[in-house]
Each structure stands twice: as C-alpha cells, then as structure tokens.
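Labels run A, B, C and D following the written order; every chain starts at residue 1.
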Amino acid sequence: MPGNSIGHVFRLTTWGESHGPAVGCVVDGCPAGLPLCESDIQHDLDRRRVGQSKVTSARREADEVQILSGVFEGRTTGTPISMVVFNTNARSQDYDDIKKLYRPGHADYTWDMKYGFRDYRGGGRSSARETIGRVAAGAIAKKLLADVGAQIIAWTAQMGDLHAQEIDEAEIERNVMRCPDAAVAAQMVARVEQAKRDRESLGGAVEVRARGVPPGLGEPVFDKLQADLGKAFFSIPAIKAVEFGEGIDAALMRGSEHNDPFVQRPDGSIGTTSNHHGGMLGGISTGEEITARLTVKPLASIAQTQQTVDQQGTPTDIVVKGRHDPTALPRLVPIAEAMMALVLADHLLRQRLARWGE
Amino acid sequence: MPGNSIGHVFRLTTWGESHGPAVGCVVDGCPAGLPLCESDIQHDLDRRRVGQSKVTSARREADEVQILSGVFEGRTTGTPISMVVFNTNARSQDYDDIKKLYRPGHADYTWDMKYGFRDYRGGGRSSARETIGRVAAGAIAKKLLADVGAQIIAWTAQMGDLHAQEIDEAEIERNVMRCPDAAVAAQMVARVEQAKRDRESLGGAVEVRARGVPPGLGEPVFDKLQADLGKAFFSIPAIKAVEFGEGIDAALMRGSEHNDPFVQRPDGSIGTTSNHHGGMLGGISTGEEITARLTVKPLASIAQTQQTVDQQGTPTDIVVKGRHDPTALPRLVPIAEAMMALVLADHLLRQRLARWGE
Amino acid sequence: MPGNSIGHVFRLTTWGESHGPAVGCVVDGCPAGLPLCESDIQHDLDRRRVGQSKVTSARREADEVQILSGVFEGRTTGTPISMVVFNTNARSQDYDDIKKLYRPGHADYTWDMKYGFRDYRGGGRSSARETIGRVAAGAIAKKLLADVGAQIIAWTAQMGDLHAQEIDEAEIERNVMRCPDAAVAAQMVARVEQAKRDRESLGGAVEVRARGVPPGLGEPVFDKLQADLGKAFFSIPAIKAVEFGEGIDAALMRGSEHNDPFVQRPDGSIGTTSNHHGGMLGGISTGEEITARLTVKPLASIAQTQQTVDQQGTPTDIVVKGRHDPTALPRLVPIAEAMMALVLADHLLRQRLARWGE
Amino acid sequence: MPGNSIGHVFRLTTWGESHGPAVGCVVDGCPAGLPLCESDIQHDLDRRRVGQSKVTSARREADEVQILSGVFEGRTTGTPISMVVFNTNARSQDYDDIKKLYRPGHADYTWDMKYGFRDYRGGGRSSARETIGRVAAGAIAKKLLADVGAQIIAWTAQMGDLHAQEIDEAEIERNVMRCPDAAVAAQMVARVEQAKRDRESLGGAVEVRARGVPPGLGEPVFDKLQADLGKAFFSIPAIKAVEFGEGIDAALMRGSEHNDPFVQRPDGSIGTTSNHHGGMLGGISTGEEITARLTVKPLASIAQTQQTVDQQGTPTDIVVKGRHDPTALPRLVPIAEAMMALVLADHLLRQRLARWGE
C-alpha cells in the first residue's frame, strides 16, 4: 500500500534519493521468457539522462544500469528484476544553505508537514532522479508491448506559446527539444537560451501516442485504462494537466461530432473512422491510437532570488543553487513514454484474466 | 486487483448493472466510531439522481439506499459498510434492437473485445447507475473530512462555449445546471433545451474544490495526491481531461510567475500568497485549496440515426432509444465531489502511517 | 488493504453481522463466461447451514442466496458478483445480558481493544454467519476448478481422541458428523450428545484434499500455495493448527524418507511415487493431491457458568445464552472446502500470468 | 500482486537469486523518524548466516548489508529502504550436472511447470539466500516493536524425537542448535554429526514467542493476526505445520478447559489467567504472549544417490553436490523471528487506522 509502487500485475517499485548511494527499482510480475539485457534498458536511460545538451542541466552522470536479479541466460525468469544505478556526481554541499528554507514550488514544505523532516539534499526522493527506475522499468514494458506489435512514441508539442505545427516523427530525436517540427524546435532552443539568461524556467506540453495496442485492454470501472494512465502521468513530477483524445476541446463539441462511427476495416476487424475518443471507450482500448497530452509547469528551481519562509515561518529570501534544467520537456519525453508503457504492459497481462473457457 | 475497487485504506468496491436487481457498494476501512445513518447518504444520492429536472433524463427512481452492515447504534463499527439500492424502473426492452450493434461512443464494442459478450441492457455495468455506489461512499468520506474541517464543493463551470463568469456558491444548488452564475445557468438551460430538440448532447467542464484539507496528505511518488485524484476523476465515465491548479495554462507560464511564495499566516501556520499550484506540491497537500477541473465529453447517447456496424462488422444504421441526458453536467457535480472525497479520506487515514515516535 | 477481502485475482470481500439485516459478499475477478446460477451456490450454503441436525445449533434459517449482479443470461459477465443472504432469525435479546461482559474464548475483549466498542449481538461480525459469504464464493471457485478437472473434498477426521480409521468418501455426507468412517461417526455423535448434556464443546480436526490440481500453481516466495492456503485456513474462526503433507510428523523424518522420488507416469507426465510433500514443492503445486489438516479448538460458547470480567475489569460470572454448536466440525467441512477452492481458483488464474511468448 | 511482497502497510519485497550478483529487499512503509543504521540489521544477518558452525553448511560469506536509500542522518525518512547483500561465494559449477534433473523434494520440477525454465544454480530464487532480505527487514520491524515494548524470541524446540525439556532462554544463543536446553542441545549436535555421516537431513520444530504485544492488533476476518502469521510462516521454505496456542492439542480439549478466564491484572488492565489461546482471540491480539510452533521438514538436499527423472521424464540417479545444511533448525530461528516481527509491525501500524474520533 505504500506509495512507491505502481501496477498490479506488472508492478514497479522505485527507491532511492538524489544524493544517496544509488537509485533503483524492482519490477515484479514480468513473465518468464522475455529476452532482456542491460543494453535494452540503457538506451532509454541515456535518453532520460541530464547533461545531454545545452537545454538541460549540467549534472553529468553515466547512469549505468546493473541488473541484479531476475534474468538468467538472457531471459527473464519470472522472478523480481532488481536494477540499480549508483549515484556518482552528487554535490550535496549545494544544498546546505537551504536546508531549513522552503523553496517555492518545491516539495520541501509538504514533506516536512508529512514526515516531520526530510532529506534536503537535491530534493531527496522528490528529485527527478527517482524517474530513473521508471524509465528502466518502462524499457522492459516496451519490450513486452513490441512483442504484440504496440509502439509508444512521445514528443515535445508545446513550450510556452510555441506549438509544434508539423509532426515529423523522424525529427524528434534529431533535435535537443525532441520536437517533431524542426523549425519550431529551433525557436524553442532560442527561448530556452533566453530563459537561462533570464534565470527563468518554462512550461510546456508533451504528446504521447500508443499504436498497435490490441482492443480489450483496461478494466471497466475504477481501473479504466485512462484512469490508470491518468494516475501514471500525474505521478510524474510537475504535470498539471492530462488530456485524452480531444481533451479540453471535448467541452466544445456536440455528441454527433464527437462520436466516432464504427466501420469494418479491410482486414475484417472493426475500427472507427475518426479518433476523437483517443483510443479508449468505456475505459477499454479500441485498437485505435491512444492519444494523450501532458502539460508540465515551469520547473520550480530558478536561479532568481525568491521570497519564502524558513521552517519557523520567518520570512527570508532564497536563492536556489545547484544545477537545474530551464525546461523539463526533452527529458519528460522518455519518462512519459515509460509511464504509458508501464500501464499498457500491466493491462496487457491483466487482459489474460478476463475470460473463461476459451 | 480486479478493477472495481478504489482506495487503499478507505476502500470502495462497487457492483451492479443498470438493469440487474440492484446496484450497491461495500466500503471497507472506514474507522469505527463515525456517526452514520442512511439519511447522511440519501442526500447526495438524491442530488445524483436522474429525473430531477428538464435537463436530465426521464428515468425516475427513488434510489433509496439501505445500509446492510457496518453500522451499529448509529455509529460505524470498523467492519465493511454494505449499501444497496434496488433497481425499480428498468425498461430493458428499450435495448433489444441494439444488442448486436455497437453504439458509437459507447463501450459496447470494447466490452465485447474484452469479455467476449456483455449485458447490453442499459449499458450494463458501464451505465451511470454504477456511480450510485460512488456517491453513497463519497457521502461517508465527506463526513470524515468534515470532522477535520475539510469541505468539498463542485459546480458546472462550462458548457460548450458558455463559461460561468461569477462564482456565487450559494447559487449552485439553486439552478438545475448547478452553475454558480445564475445568468449563465439560464443560458445553459436554453442550450440544453435546444440540444434536446436537435437530438444532440453537449460537453462541458466541472470545477471541484477541497477546502480545509490539512497539509501533509498524499504519498510522494506514485500515490501522489494528484495522481490518485487524477485516477479517480478519469474513472468517471466520459471525462476527457483533468487539470489541477493552472492546468493547461501552466504551459504558458514562467517559473517566477508560477511559483507561489511561502508566507506565515496570522495564525502562525505557513501558506502561500497565491495558489497556482492548486493545493499540492510534490504530490502532497499544502493546506491551500485543492483545485481541479474536469472536462466531460458530450454524452454518446443521442437520439439521431448514426452509422455503425454490428458484431459481424456489417455496416448498419443505429437509433439509440432509451432515456438519455442531453448533458452529464449537473449530475457530474455530486459524482466529482464524491471522487474527490473518497481520495482525500483515503489519504487522510494514510497520513496516520507517516511518522514514528510522535 | 482492510481485512475483509482475500485473493488477488479471484477476490472475495465479505460483509455483514450476525444480527444485522443481511450478510453477503462480492466476488470480483471471476472471468466472464462461466455458467452460474443461484442453485450452484445454494447447495454448499445448505451444507454450511445450522439447524441441520442434532449435533449443530438450533438457529434455523433458510440462508437463501440472491445473486444481485455479475451474471447475465446464465453466465458470469466479468463484473463483480454480489450475493446476499438476508438474516431472518436473529434473536438479539439473547445477548442483552452480556453486552458489557467479555465471554471467555470469544473476541469481545479484543474487539473492544481494537475498535473501542462492538456490535455485541451474536458475536456481530465475528459470528460464524460471516462464513456464508465464503461458502457462496467458494461454490463459484469450485465451478472454475471443476472445469480444469480439480475437485476438493473435506471430512471430519478427528473429534477429541476419536479418529476416523477408514476413509470411505461415499460415507462423508451420509452422517451428520461428515466423518468418512461410519463407525467412528456414530461414536462421535454419542460424544456430542454427551457434551451437550455436559454443557461442553469439543475440538477436533478436518482433513481437506484437492485432486486434479494442475502442476505449476503458486507463487514462489511469499505467495507460496501453502502460504496462501495457510492464511485462508487460519482465517476460519477457531482454527489452531494447519498442517500440509506429513505436517508435524515431518519433524520425525529423515531426508531420504521424506523426499518423494520423481517418476514418469504412464501418460508421460511426471509425478512422485509417494506424497509426503502434500502436493506442493517450493510453494508450487506438483499435480499430486494437495493434503491439509486443520485443527479446530472446542468452541468458546458453552452453557456453563464461567468466570470473567466486565468492560471495567470487575470480576463477574457469565452464562452465555443463545444457540450454540457443541462442535464446529460438520460445518467446518464445507467452509474448509470453500477456503481451499478460493485459494486454488486465485492461483489458477494467476498462473495465466507466469509465462511470456507461448 | 506478484508474490515477492508481504505486508500491507509495512511492506517487504525481496529479490535475488542464489548465484546472481546480489540479493536484497525493499521495505516500503516504514514510518519516518525511526533511528536506523546498518549495524542494527547486520546482527540478525550474522545470526542467519551459514558457515557459522559445524551443524550448518560450508558456504561462507560475510553477508554484509548496505542500506542504499530511505535513511538520512541516522533516521528513516518514510521513503523506501533498499538493502543489498552482494553474493561473493557462489560456486555455480556445482550445479551443472543437475540442471536438467529434478532433485527430489526441491522446487526444480514445479518451477519448470510454472515458468517453463529456471535458474538452476543453487536453487536460484528458491534458495535460502532469499531469506536474507526477510531477516534484514525483520530487524527493522523488531526496532519498531521494541519501541512499543514488544520482543520476539524463538528457539529450536525439537529435532527428530529430541525435545527441549527446559526453556532457559539465556541458553539459546549459547549453543549452535539455538536450543534453550543445553543438555538436549548437545544431544542434537551429536545427531546432526551422525546425520552428516549418514548423508541425511533431519526435521524438527521451532517455537516463536512475541511478548509485550499491545492488545488490539489484527483484522477480524481474512487478515486475522493468526492468518497473516500463518501465511508468513508457511512462506518460509520447508515449513509443514504451523500451530498457535495449544495447536493440534486443542483437538483433545473441551471448551471449559480451553477457554481462558478473563481477570483484571494488578495494573488495571485485563488479561487471562491461562494462555491456551496463544495470545489471539478472534484474530486480534489479547496482550498475552503470542505463541507459535513451526514444524520444518528434513531438508531436501542430501548427499545420497536418489532416484528421479530428467526434464524429459527419463529415469536417472541423482547426486546433489554443493554445500548443504543437515538441518535447517538453527538458521530457522532468526528467520521465524523475522517473519513474526514483519507481521506484527504491519499490524501495529494498521491498528492506527481502526478508530475515528479519538
């Protein structure tokens, strides 16, 4: 019941603090027989890693994953897969000045309210380093999904008022913003550089798609596919909105516009002629593309002097040192993919439980 | 693990189909000693009930709740609270014509893909009648919250392009739209009446607020308060977007704008001077108002001829008979409140587990 | 997390108090497509029912089950199966005298310590009537198991120093003791009649067997098949010991005696030449018969004057009125079967999750 | 849901194989503020360790624990506690001869039935090395319990037909058998040495006690304290029987003998004059000593030639090489303590959820 696990059948537990010895995760419930090695996982960890470009923070770590259990002779065994990444580049002294202060927009105050004290170094457990375990586990989930023909892709769709206009998926990994519109990507980079000079951070949005998802995934009532996806996405730090299908624009539509007519596809299967529904009806996948959009706030760490209070409530100024991203967007892309993959893999397995006598 | 339960400590399981003998729920984990009687629950069930006004559907049932267990001499005993509402007004024959057809925008097709067959009468388990159990349980959750000084309120904020401009909370329950702006409410009613004539349905949005929530509720990683709220809200049928705090507008903000400065309040406690964060930081409540906005699609049942296929994929026209709401909005208000209450009650109890030695 | 549910995939929640309006249960996770009707369930409820014979208590109720959800046109739909039995014969006034006293051997004192107060009528939730929901759900589990060729059988093996010597399974349901040895059954009946005259209760033991269970059921570490069975059996009121295979006699054996050699059976499958292991190795079923033995204490309710204290600790005498069984044994038989069936059905479904790529 | 976790609030997940890089665990749900360091844990790991004496196997490893997360400045933070022990002394080549054979009494066959293949080196995940994580987590649980005045103690009570006659607790850790009767311990050691010469293994029993447990722990129905303890004990490899209180002897007793009269203790609290019930009534602790007895089979690994089959069912002889204990008993003592501690710590925290309004 404690809150560091997600998934029912394909279940991830993450552990670790930003400036502790290591971060890691345990994946329990991965079926036996899936080919798996460390390089399958390292690829997405490298995509998630900081220090990749001028738009992300300066902390540089290899983030090299080790698989400690659950794999034998290149295949999963059905036992828990324990993965660890040792922390190698933590500069804890950056945080000494602020250990008794509440950084605006951060979790310092709420952790103190919850637990009475906190590991203040680098955000402790609320650091983005916690997402290493998610991305590592997500890579395994993606392998399961790929085996049934499902792929997940995400990209930076918006930063401030800049919106990707063209969706050229081949472009995504070519630019540091992971934006599928090269021209807009260039504008975004310029904005990030300006924001750095302004000591500011910037909000935006990421789109996530899942293609080739079999129909029938999702549980009808509380574990609807969009409910579990919504939880997974809102568990990512800094996410303020999640939309599926038409999202907030659905408010403006009429039933006859929003309803997607069913048709038979040439291969005999059933589909819809449009996809306002975003790939899920009644909480269950239709087989159409699952479409989600996540809005991320501008990150709380900015290199400006801000007003706050200390633990006793005394007003004070604060300057947050350390190495911070001006935008979460490019790194959010693999994290969003991982969360989508984790939920879909869980429901892919749960679907095995739905029917008797077949 | 099956998907008909929500909550970890304060745990709700709902059961029942639209045209079965009854719908109901079991609430497990309500602490012993809470005063409770059926009238505490009936009030919100009456608010949820259909047939209340010209803007909602014509099915009229008393929806009278019976408590079958878990209460003794007017107080909860700590044992499961079983509640039941018998179905009295089901017209199953309305559905005979469509039992082999897939209604656009409905869950018929996806249930067949999942389970191989379905109870087609009135949507079966995917009917809005399932939410009776949620609202009943939510009323208990509200009682727990009220005891610690927390209140939940929701309202219709938008229908199509009509937005509530003024938020007069006293107005909400005075009009059939549950809109806090009387003038806009009147416009909404006119739109609904027109939609009925047009055989259409209308989308919109509901705002939900929780006030007086103690700081410290929520678990830091996967069970963040916004993650569990996000799941709960997306488990409501027809919800397409969930936003907290600034929601999608956070994409347009800079860190220095979005960060809410901490200050000491006159009573010595710590708060923020603004509430862009929506009452949660790092997934944990700050004590500020929790603010959420849910976008609901136009309901799928419309009295127009639509194109679809049958179970064999043969194209056909469909006319959905039965009694349908042109808008989900007024009934969504108590349902959204219930889901907010259920999640907060769960985390209120979970917070008892956070600290040692105090 | 609250303690009124058991099972992970095939999940039972029971609710209800002895003298409340009803008792019942919700079974969530039963796959869609299983043929099911009320008479499937009523049979085992009738076996569990009191008032069946001179060896059991005098409370007479029909215990007629109603299925309120989850079944459509004679088959399970994959949605929760809600079942209810209304209480019709509760004589609450029997308990007025003892509501402030702690009956020896009963849960009165511990419930007060846990919850601060309790429903004292007929034991409230700790009444054996709670097992109605177990037996009803167990009947569904048995149907699933029967479909894969597995049967469960239980019998009274011991009462006091009387042990069944012969195991004639056809005899079990022929005598009121459910003892497979007719001669010993007659002796047991005589003992029970004497115990009634002595105002005593008697302990004993039940054996439970599962045959035809496929190999491979059970999870290796904490959810070993014997661990989940052990939990299920120890959740039955009054059970003081659970043994598998050789049970306590394993302490007296040497490895070369206890190890069961593997052989190939004529049909090509692999089995063991003996079954000291009781059908499970490493927590996973071998395909050999699963053998368990449950020891039940003499029931706490005896019609003698006993010494106790009241809620203030004041010493007092107590005479427990009401209608009580001198022995739990015959009714324990269907309850033990139900618990075995529930655990096996859960693991039968969980086994669907074990492998990838087949 | 996967089976490598135990506990609801204080939740342990173990991972790791005998011959993989490491074994370890994650403890989620330990409250913030408990003083904790590695030496708190190392003590019990050292007690569990092999190579301690002539009665246990020859594999010698330091089993040095590292805490990788969840502790800051000497106190738990409320976040997951990740602990790891690297495997340093695995001789995998010992197992090459038997990788296609099914060792009698072992889990080889059942793992193949479940997963299709297995890590055959040293028993893989079914190795006793898995219990390192249990003992490490149990040490944390013991710290929580000690803070409320509860202690756990266990000892070897029986080996073959040798029974401890005197219970001198000070003696337990003085002899290699962990038997509280020095004279019987000496006899047991002689038997073990003979068994080694005979290439045999020996069964026995361990008693476990918990003292100072507050009344009120345990959930009434399925999560009865004895049910959760029963599950925990039966999850230990090789356990064949679990008894509480009078255990199997309860079958021989009458109600008037078995019922323990309630009395007021000198300090005003309520207790019982005898403890046939073993510290739990209705599944909830009474405050009296919790008494359990676990029977362990003779270990399956014996250095004799045995008959078995290979994966194709072909009959063959097998000689199990490697380093094996002739008896599990002394090492079972700290493992049994750990399981008792884990369950009690979980219910100690769960008890915080039982009441409202106090």
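Rule of thumb we're sticking to: a contact is a pair of C-beta atoms (placed from the backbone, for glycine too) under 8 Å apart; a residue touches a chain by one contact, two chains touch by 3 or more.
Treat the numbers as computed from the prediction; the structure is a model and nothing was measured.
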{"item": "Touching subunit A and also subunit B, the following chains", "value": "C, D"}
{"item": "Farthest chain (mean CA position) relative to subunit A", "value": "C"}
{"item": "Centroid distance [mean C-alpha coordinates] between subunit D and subunit C, Å", "value": "26"}
{"item": "Centre distance in Å when subunit B and subunit C are each reduced to the mean of their C-alpha atoms", "value": "39"}
{"item": "Whole-Å gap between the CA centroids of subunit A and subunit C", "value": "45"}
{"item": "Residues of subunit D engaged with two or more neighbouring chains", "value": "1-2, 4-5, 8-9, 14, 29, 32-33, 78-79, 114-116, 125, 220, 354-355, 358"}
{"item": "Subunit A to subunit C touching residues, read off their complex", "value": "1, 9, 29-34, 76, 78-79, 144, 147, 220, 349, 352-358"}
{"item": "Footprint of subunit B on subunit C - complex, ascending", "value": "1-2, 4-5, 8-9, 11, 13-17, 20-24, 26, 28-29, 32-33, 66, 68-70, 72, 75, 77-82, 84, 114-119, 124-125"}
{"item": "Subunit D contact footprint on subunit C (complex, rising order)", "value": "1-6, 8-9, 14, 102, 104-107, 109-111, 113-116, 125-126, 130, 158-161, 195, 198, 200-205, 215-224, 226-235, 237, 239-248, 250-264, 268-270, 272, 276-278, 280-287, 295-302, 304, 306-309, 313-315, 350-351, 354-355, 358"}
